[in-house]
Amino acid sequence: MATKGLAIIAGVGPGTGASIARRFGKAYSVVLLSRNPSNFEPLVQEINESGGHALGISTDVSDAKSVNLAFDEIANKFPDSPVAVSIFNPAGGFVRKPFLELTEEEYSSAIYSQAKGAFSFAQRAVPLLLKAKGSIAYPPTLIFTGATASVKGSANFAAFASGKFALRALAQSLAREFGPQGVHVSHTIIDGVIDIPRTKQWVVPGEDSKLSPDAIADSYWYLHTQPRTTFAFELDLRPYLEKW
Amino acid sequence: MATKGLAIIAGVGPGTGASIARRFGKAYSVVLLSRNPSNFEPLVQEINESGGHALGISTDVSDAKSVNLAFDEIANKFPDSPVAVSIFNPAGGFVRKPFLELTEEEYSSAIYSQAKGAFSFAQRAVPLLLKAKGSIAYPPTLIFTGATASVKGSANFAAFASGKFALRALAQSLAREFGPQGVHVSHTIIDGVIDIPRTKQWVVPGEDSKLSPDAIADSYWYLHTQPRTTFAFELDLRPYLEKW
Amino acid sequence: MATKGLAIIAGVGPGTGASIARRFGKAYSVVLLSRNPSNFEPLVQEINESGGHALGISTDVSDAKSVNLAFDEIANKFPDSPVAVSIFNPAGGFVRKPFLELTEEEYSSAIYSQAKGAFSFAQRAVPLLLKAKGSIAYPPTLIFTGATASVKGSANFAAFASGKFALRALAQSLAREFGPQGVHVSHTIIDGVIDIPRTKQWVVPGEDSKLSPDAIADSYWYLHTQPRTTFAFELDLRPYLEKW
Amino acid sequence: MATKGLAIIAGVGPGTGASIARRFGKAYSVVLLSRNPSNFEPLVQEINESGGHALGISTDVSDAKSVNLAFDEIANKFPDSPVAVSIFNPAGGFVRKPFLELTEEEYSSAIYSQAKGAFSFAQRAVPLLLKAKGSIAYPPTLIFTGATASVKGSANFAAFASGKFALRALAQSLAREFGPQGVHVSHTIIDGVIDIPRTKQWVVPGEDSKLSPDAIADSYWYLHTQPRTTFAFELDLRPYLEKW
């Protein structure tokens, strides 16, 4: 197992993160970072039982110290595994509120969960990805999960949009800095409601009107497999019925 | 062969179009449209000899009449084949010149080859794609090939950028109109030099510094296979060394 | 009057064009181009009677020949007047229709009225603007009027968006080519309903919910007066109540 | 003086902020916020001596407490003055460094100085602007100063771009929330080197190749005077020689 490639996935709950973990778990050992162990424990078990190799590490991705501890543990547990892919798929920071009702804490939290968390994550992930070049079949890949709010600030979304815009700025900056060094940096724009347990009760009119988390995971895998001659930076994904 | 899906590809030379034709030729019968038969003849032969099924039709895609004749012939030759995918990958209209040296003909030609050609192509392709829903494994797909000039007007590129911007407008409009009807409309931004016979002599510093046409074709195939829950509209593709 | 600066305005009806003509007519002689003389005749009279100097020339701006004749006449009538500003404010090409009901003529007309008209207009205007440098108080200025459809392709707007995207590509390309030569090229995005005679019956809920053509004209004048140290390329204008 | 309108300007040094203060000081009482009193003291004196009315308040705009104290003092000193305009023109957070050399503090500082500072500022300014409606000649106005990095993440600019993207997200969100309530929210993109004391030694080839801070201030004034029928959200400003 030691020389098998590694996928590090931050932000793993029962939704997109789980699909991504399963998809990358077919090819790589996967490390799952989430604050609450109950978010990754069933998934770790599932992947390990089905022939994969998964490890969960309780991590608060909005806290640099916690992120650093997680990466220290990864270095410890997988000293020889090239890091094939790192995915920042943060859950936190979503808030929808009239601007004047937002608290400073809510605004900060959106920025922390998204942009600052991504900063800490990338600072540890990028050196590992740079080092992995040549040891794995595909270019080492760093993917950030964005949303509609990554490209559009809307009424009641001042906090979340600030976090998501900042995350996209980070992703673009890293793509321009580390792309030429062979690391594939991508950003996705998830534009719509994802079909996960948390949204089961949300009514979106029409059949197949929510994004499939497995299809999102497939798109991440596709991005990962692109050769360095032909990197995509940004991919927008939405249900066919979505207004945009 | 009659019920096999059909892929219609406009703009097929020895470059990207050929890679797209080979890629989609693995799954579908392919119809290749190009003004000059010498552009598709070797490819038609190659695909037919390797177990696929290809037909070339000499077509001037910038001329509505010629496009209509081509689609009439397709209807004739493949009366029962659902059209799984239509790809508009125009070659014409590229011109790089100081604005005041551009002729009216050059400006018109850029618009004709790109936007107006795409209009004629889409008017015939869309009804076929709508009709194909449910008859093929994936959502019927309409893809337009864009370029850097699709999102940036530059000095010396007034004509080409006008054509490419207009093509993107058309693609977006169609995505918003026919996406909800189940047709997957996508637009790609090819940002860099493609590694094809015509560009062999072009020096782009660095290893692997040109886009792989096969990788572009793979990305088109990937777009085609996305489920309707999770459509991408736009994909930007560039070599890792490209400045952007 | 001979050495007074000149403003050339293409697309003058009883709406925005008229406001622009009145605004620039306070400082410059104005030439008004419109196909139908009834569009500019009352305005020419009004400006001339109020101490300004206006000339109307019947011109089909979507037709290069007609545009060239108009500029020949301008050269004739104003041999010594530096061209301070040229404004392309086209009226034609608007069509809102399901894509499959669009005729080739409608699609072409949108492109012709917008992009190709602008091309012909700019080819004649740019040399005059370059020549005017230093003879007028402000940098010579070329402004193109855009719309929501300049940056967003929507269902039922395939033709109009194609024309408006292409126009924006042209404007960007010219700004990047002639800005460094001292000509100020700008593009405006008029996002909403303009309060003109033609839209009087259109109901847009709320007070002051339509764009003021005089305020649009003021913004054009403001753009014109910017020094070359501080050029704006793009200005989006919308009523405060507009959804965007 | 009590009922004269008020302009609150955050981020005032010897550059753009000073020009903005002078420009708005012709019409309004001005409050200048800057951490270091030496940044605003000469300016306050200059404005007061030339017939205007200025007050400086030492404020750390990246610190919510400090911002709140400043607004408390404003309420105290100007209990009856309608707030005509609030401008967030932050100086802090600029850093240009390879990503892996950025410290967490530098990344946080960029976000704090830009986005979080703007959040605190807007939370106090917006209620005052809403209240001022009808008491001043123009719609109350909130302007945020952006930069090239507001719309483009680049190598070595991960921190600054994150802050500037987030600031733009905030501005967009506020424009969409408070525009319909009659507050004019705008965002400018300053694309180039501003001609201020700090950049005097910077060589930018060509004559007039730096942005004029007075011209920037004029553009802010122009935005402020737009009627609510015709609000601009975004204005990009650059020297004619700037590459973009």
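Note that the chains take the letters A, B, C and D in the order they are written out, and that residue 1 is the start of every chain.
Everything that follows uses one rule, which is that a residue touches a chain if its C-beta (ideal position, glycine included) is under 8 Å from a C-beta of that chain, and two chains touch if they have at least 3 such contacts.
Protein names from UniProt, one per chain: A, B, C, D = Oxidoreductase.
Because the structure is predicted, anything quoted here is derived from the model rather than measured.
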- Centre distance in Å when subunit B (Oxidoreductase) and subunit C (Oxidoreductase) are each reduced to the mean of their C-alpha atoms: 34
- Where the centres are mean C-alpha positions, what is the separation of subunit A (Oxidoreductase) from subunit C (Oxidoreductase), in Å? 46
- Among the residues of subunit C (Oxidoreductase), which are close enough to touch at least two other chains? 176
- Query: Line, ring, star, complete or other: which one describes how these chains touch?
  - Reply: ring
- Item | Interchain contacts (touch definition) - all pairs | A-B, A-D, B-C, C-D
- In the complex of these two chains, what residues of subunit D (Oxidoreductase) are touching subunit A (Oxidoreductase)? 64, 98-100, 102, 104, 107-108, 111, 115-116, 119-120, 122-123, 126-127, 149, 152-159, 161-178
- Query: Which residues of subunit A (Oxidoreductase) touch subunit B (Oxidoreductase) in the complex?
  - Reply: 139, 176, 179-180, 182, 184, 195, 208-212, 215-216, 218-219, 222, 226-242, 244
